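Letters A, B and C mark the chains in the order given here, with residues in each chain numbered from 1 onward.
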Amino acid sequence: MGSKSATIGGVAFAATGAAIVLAAHWMVAFWVPTEASMGLVQRIFYVHVPAAWTTFLAFGLAALASAAYLWLEDERADAAAVAAAEGGLVFGAIMLVSGPLWGRIAWGTYWTWEPRLTLTLLLWFTYLGYFLLRNSVRDVRRGRRLAAVVAVVGALNIPLIHVSVSWFRSLHPEAVVLNPEGPTLHPDMLVTLLTSLGGFTILFLGLLWLRYSAEMAGRPSDAEPAEQTPA
Amino acid sequence: MLRWAWLIAVKDLRIEFRARGRFLAMIAFVLLAGFLFAVSLDRTRVDARDVAGPLVWLVMLFASTAGAGRAFDAEDEAGAFRHLLLAPAPRPAIFLGKAAANAALVAAVAAAAFAAFALFLGIRAPGALASHAGVLLPGVIGLAATGTFFGRISAHSSLGDTLLPVLTFPLLVPMMFFGSTGTARLLMERPWSEVAGFVRLLWAFAVGSMAAGSLLFRHVVDD
Amino acid sequence: MRLEGRGLSCAYGPTDALQDVNLVVGEGVLAVFGPNGAGKSTLLRLLAGERRPDRGSVLLDGVPVSAHDAGWRRRIGLVGHRSGLYGKLTVSENLKFFASLDGAAESGRVAAALAAVGASALASRRAEALSRGERQRAALARALVHDPEVLFLDEPFTGLDAAAASALEEVLSERGRRGRIIVLVTHDVVRGKALANRVAVLSRGRKVLDCEAAAAGVRRIVDLMGAPRPQSPGSLGEAGRRSAGAADGSQSARP
């Protein structure tokens, strides 16, 4: 795959995603009906849920790619893992900021031991460590490998985090979780949500593509010199 | 496999015994932390038993994290770890040996933490010492395993010990929750049946972290 | 026995520490010379299998080896820049520990290894209390304790006094005669060449000379080591041509 065509593809993807996200924002601001019980603040939901979905998609991809890198020691797996992890950090930040803003109104508190929120926070810190580690190891190849180990171990811990958070919550029954995907979602809301969801996903995939090809282009590749100088 | 792990653990403990610095510093830290908590808490308003559980676990966490950052100092001091890796010992055995030696230290730290809180906060744990040990032990193993594993990882980073808690704390959140809740309940003289579920999960974490550490250690040490 | 590096390349960061080095080590002593930063230690790490090369492979009698394989680790010994001894343990405790990892814990072996390098008197002293030269001898004894088939030495003469250095020379040439493989990395050209059956010179991560020890003069080796490429391309080019003519499997300096 030529890096130029990859860049064009990535830009096209990201631009499409960005356009859809913008359109979704317009829908959120001007089109979708206001939810009755929560009012305006409910509109954060159209940003929060897609951001959360994208975050999990990104961290999931990063963990899978990291495991693949440890297994196959293939540069491309590492490049994919970094690209995905970066996306996860960005979208995770959006989720972690928008979630509490909404929660302040919906739940009456900025922070609650809601399992997905807690899991995202811990994963977010894990991937913060991933980048801190990666960039602070002098031997580049070792840095990549150690970072991949961190990503894999972080993923292994998810079931335990899940159990602990749900147990913790059960001790604090006052933290009532409102189910935002309740059966009473207005069709217009659903359309807005799905638009935003699609936009975020495409935007993320575009950025992933871009970052991946930039990552690969920036590396003194293992394979290329051999191919370039067959004589 | 176990023979190698045993040789390495014995070697580590012998060095630890001769150096003593790290061990004594960890114990001193724990005792001082217990003292500081006792001074800082307004015990006319807070019942020490309500907060002692989490505090014991936090002190254990901090002490073992500080100690874990140093677990490979003796290996790196004159480059001995390179030769340990060049010896025919399998990587899981090296991890298990070092984690076992670390666990012995963390166990001493846990005992000291417990004693410090009993002493300075005036908590009596009547006849329930075995139960407390039963909750603390899997925690000790889990802390030792994660500390050893990530201690080696952060040793390669120029950020060193600063990075260690960033890597381990997110992983240790479930263990800290199960452990401190378990200990807190025992301090309130609740029956064992109320903590048995937590202890099972603590063991799941302890065994899981030992197994994952053993299996992944080669990716940490082999270039 | 024949240890072979094929197309070895290795990078720690953006620049290559070693570029496409081919090397065949037969029985006896191979001395690898080079200025600081030439890639000597990296070459040793790759040959010992401690680090997987980015490209290329290491083979013993045609079979790929790696330090990830315990069988290979049992057959090699290494003396590095640093002593690699635990400071809080005595010399004999250090040796016993490493020997027992190798499954070679018979007590006689430790004593014999210490005696072979003239370090018997150090047995009960803690490694942290040894002088540089004493540590070096203890490290050598540790590398020999399991009687390895392949021995890697990185600047082993550093810090040794004259008596210890000649004892080391004796050990190495005796092992060479017994058909063991010894790879000796050093910048002490006179001493290294005197010991070696074969010599190689690295410069900036590339091999610029590889020939029988008798075929290369000390003067020429020193020239190759000292010649910074951009300043005096003539001398290096000439040496490269000569080296290419002198030995098979060698590779001239870069064009």
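In this text, a residue touches a chain if its C-beta (ideal position, glycine included) is under 8 Å from a C-beta of that chain, and two chains touch if they have at least 3 such contacts.
Computed from a predicted model, the values in this text were never measured in an experiment.
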Farthest chain (mean CA position) relative to chain B: C
Centre-most chain, if every chain is reduced to its averaged C-alpha atoms: B
Between chain C and chain A, distance of the C-alpha-averaged centres to the nearest whole Å: 49
Rounded Å distance between chain A and chain B, as computed from the means of their C-alpha atoms: 32
Rounded Å distance, chain B centre to chain C centre (Cα mean): 40
Residues within chain A bordering two or more other chains: 138-139, 141
Junction residues of chain B, two or more chains touched: 223
Contact set on chain C toward chain A in their complex: 11-14, 16, 54-55
Of chain A, residues touching chain B in the complex: 70, 122-123, 125-126, 128-129, 132-133, 136-139, 141-143, 145-146, 148-150, 152-154, 156-157, 160-161, 163-164, 167-168, 171
Parts of chain B lying in touch with chain A, wherever the complex brings them together: 149, 153-154, 156-159, 163, 166-167, 169-171, 173-175, 177-178, 181, 201, 204-205, 208, 212, 216, 219-220, 223
Contact set on chain A toward chain C in their complex: 138-141, 220, 222, 226
Chain B to chain C touching residues, read off their complex: 4, 7, 11, 14-15, 18-19, 74, 77-80, 82-90, 218, 222-223
